[in-house]
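You will see chain A twice below: alongside chain B first, and alongside chain C after that.
Right after this comes the complex of A and B.
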């Protein structure tokens, strides 16, 4: 018979596992853009937060089911990504610094726009199943978190299959491995990059939509999710998708137990500590044996 | 026929790598450009392939100007290139690399399968290695894969930049045997290589490029006495 404390630890662990899948989804967009275009998209977290507001707006304005609304958020976010690529990023891909500075500008524009549109007050979405949980013995699995986990893992699996098993996915990988060689084969590098950018922001859209069901959000939360994505990439490398999933789980487990023992105010501190420890002890990430850019 | 007229390429402002280069690449033959290190041979190949924009001059393929086209568009017009550096996609299998070479015909699965079969007939060494990661192949086999992948788009003009670079003498002979087979299969080849002996042996037409300028050239048997003497000096230096 487990003691009450042991049950609590296991309960925390289960909650962390469910959140970890979503964290991997938060990181995948950043990994895709960096892997294919060598661009560090500082605005990645803000695309996620924009998507939480798009989900919020659609469900509040049109009374749509919040969970189904997410599937509208994805194409809208992808369109935002596509337009951002065409209008800002496309002409800057030959430079390493210019896209970073530009994406910082996008971050500021997104945050200011969201503040104007929705103010700085925290928002949240209440669904019919927000308070529901799956009960397994002494453990509770919150239904929303369970759904977020399943959808995240399914999305990551689909993306993995798309990149590795389809002709177009392999072309994306080819551009990520050697864009000049890809162009000499007739692969339209610029088009692949624009689609990858849209796909990446679309994944941020899905992550944001799912997050909006779990947590309250404000327009300035983006950098917090950018940090989480950085930590996961530091853990996993640009690496492959399964490694990213493990990175997401490590971060969520660290955060969950860290905030349990130290207090919830230390949640982000744990993320920073993990980042610093990884950079000091395993700068190549936990999965050194895996080759880079196998996304 | 591929026609290059007064092609000038700048590296930086006022540093001309190619100066008014003009030459003809007749169909179904091997045209070689030879010259010492730094002559501008790789720049010439990259400019024809669309990877470098010329400052002046024109590149015409069967009367159609292609110098304003992107590298991707040139593949549609039948130009394919094997770069000097290693350019296989190392994390992908040999088969995946080859299939990507057929991007131009990707919509027609049967055509893609047919061309893969034809290419594997020309490059039997790759047939047993289709499932291997390209990065795990030897340097020579990676070069073979690059040539085979370039053939997947069914090019009319195959540009080859230093195909023997970094290979053992046995692999160099193997690569040149392959070039001979391609020529017999009516592929027009434009070749630059520092391996002057092999290059001249393989070529029907030879041009000499020095410090970015074409010093002369034409049918191998008809090139001038002075150029022949220059080539003899290079061959002597190559052997010594």
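Right after this comes the complex of A and C.
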């Protein structure tokens, strides 16, 4: 028979695993854009938060089932991403700051628009199954988290298959490995980039839609999710979806036990510490598949 | 010609020194001028590491906040406030030395690393002092004294920027910014100059943070470590033109103009305006307004500005 503390530890572990799947989904969009365009999209977290609000708005206004609303959130988010790419990102100078600063401007625009539209008060979505849990022995698996985990893993698997098996997915991989070589082989690089941007923000849409069911949200939460995505990329590198899933699990397990032992205020500090340590000990080393920017 | 240029440079400085006297009882004007000095000095200090040496430091708020915090803590334990401000500068210098390993990282990674470090410091301090620290005012040190203290930091920063831009340090910084590998093989030690730029930038920012905190008499971690102390200088420098003296000053004027016009309506609106301006400037004039209007538009000779 397990003692009370041991049960608590295992319960925390199960919760962390369920959240880890979603974290991997949070990171995939950032990895896609970084891989294909070598752009660090600082607004990534805010696209996620925007999607939580889109889900919130659609389900409140039209009384839709929140879980099904996500199927509407994804195309809307993709469209936002596509328009952003065409109007802002395309044709920026090749210096590495220009896209960073530009996406920072997008971050400000998104955050301000959300504050104007929905104010800074925290919002949350209550579903008919919010309070439901799957009970296994002494452990509770909250149903929304279980659904979020299953949907995340399914989406990542689909994306993995898409990137590896379809012509289009392989074109995306080719551009991310060497865009010049891909271009000489007849791959329309700029079109691949625009579609990758839309795909990336669409994935942010799915992640945001799922998050809206789990946690309350405010318009200023974006950077927090951006940093989670950074940490996962630093751990797992880009271009490898199974590794991303492992990175998501490591982060959520670290966060869960960190906040359990140090107090919930330190939840995010764990992520930052992991990140700074990786950057210091293995600069660019853990970012497998990422070459240093050509000078 | 040289005399004209020198007097042109001295006039605004004189004007700043006279503001509190001219404004006399009008505290609003003095406060406005104080805030202008604070923002502009922080922008000029970011310009040294971010603009000249080209290291996209997104953790600048940590220097500012740590400066304000060290001042608050040391003053609360009985130190003279202005010595506390100096201590704030030293604390920021210490942090920058601790940050030097991050300078090995290139470009994007340096940006992420500094951003995360600043956020981690903010959260750690928020966990210790959730409600900030109140600073007991020294009766002999009021708004005017604070103003002149800040103004002298500002003047010193302008001078330092001017001196860098007229020495071979400028060439070293610029060549690191434009092509670090090439700078390295040309006999410039990139690490040495980057560390130097970061230390200088941090010390100035820490001092400004200290005096800002003392002028406020209340140092909430949420505010002094807020990411806005990174955003605003980056905004000012990139709008105006990075690596120049005039650029950050023009950027500061534009920023504060927009800020004060819009602040009186809704804060979110000013955030929105900054976002849009930033996106447009980066898209249509990536080198900033100085380059775009003064050098290309009006045909001013580059050497007379940079």
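Definition applied: the second predicted complex is superposed on the first by the 275 of 295 C-alpha atoms of A that agree within 3 Å, B and C clash if a C-alpha of one lies under 4 Å from a C-alpha of the other, contacts with A are read in each partner's own complex, and residues count from 1 in each chain.
Methods note: a residue touches a chain if its C-beta (ideal position, glycine included) is under 8 Å from a C-beta of that chain, and two chains touch if they have at least 3 such contacts.
Computed from a predicted structure; not experimentally measured.
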Clash or fit, chain B versus chain C on superposed chain A: fit
Which superposed partner A:167 touches (first chain B, second chain C, both, neither): first
Angle, in degrees and to the nearest 10, that opens at chain A between the C-alpha centres of chain B and chain C: 90
Which superposed partner A:115 touches (first chain B, second chain C, both, neither): second
Winner by number of chain A residues touched, once chain B and chain C are compared: C
Partner chain in contact with A:181 - chain B first, chain C second, else both or neither: first
Touching partner for A:104 - first (chain B), second (chain C), both, neither: second
Contacts of A:223 with chain B and chain C, given as first, second, both or neither: second
Touched partner set for A:135, first chain B, second chain C, both or neither: neither
A:272 touches, of chain B and chain C: first, second, both or neither? second
Contacts of A:189 with chain B and chain C, given as first, second, both or neither: first
Per-pair minimum CA distance [chain C against chain B, superposed on A] in Å: 16
Set intersection of chain A contacts, chain C complex versus chain B complex: 293
Contacting residues of chain A [partner chain C, same complex]: 40, 88, 91-93, 95-98, 100-102, 104-113, 115-116, 223, 227, 230, 234, 263, 265-266, 268-269, 271-273, 275-276, 279-280, 283-284, 292-293, 295
Residues on chain A engaged by chain B in the complex (per definition of touch): 167, 170-171, 173-174, 177-178, 180-189, 291, 293-294
Parts of chain C lying in touch with chain A, wherever the complex brings them together: 56, 101-102, 104-109, 111-113, 115-117, 119-120, 123-124, 126-127, 179-182, 227, 231, 234, 238, 266, 268-269, 271-272, 274-279, 282-283, 286
Complex contact set, residues of chain B against chain A: 49-51, 70-72, 75-76, 80-81, 83, 87-92, 96, 99-101, 103-104, 106, 135, 149-150, 152-153
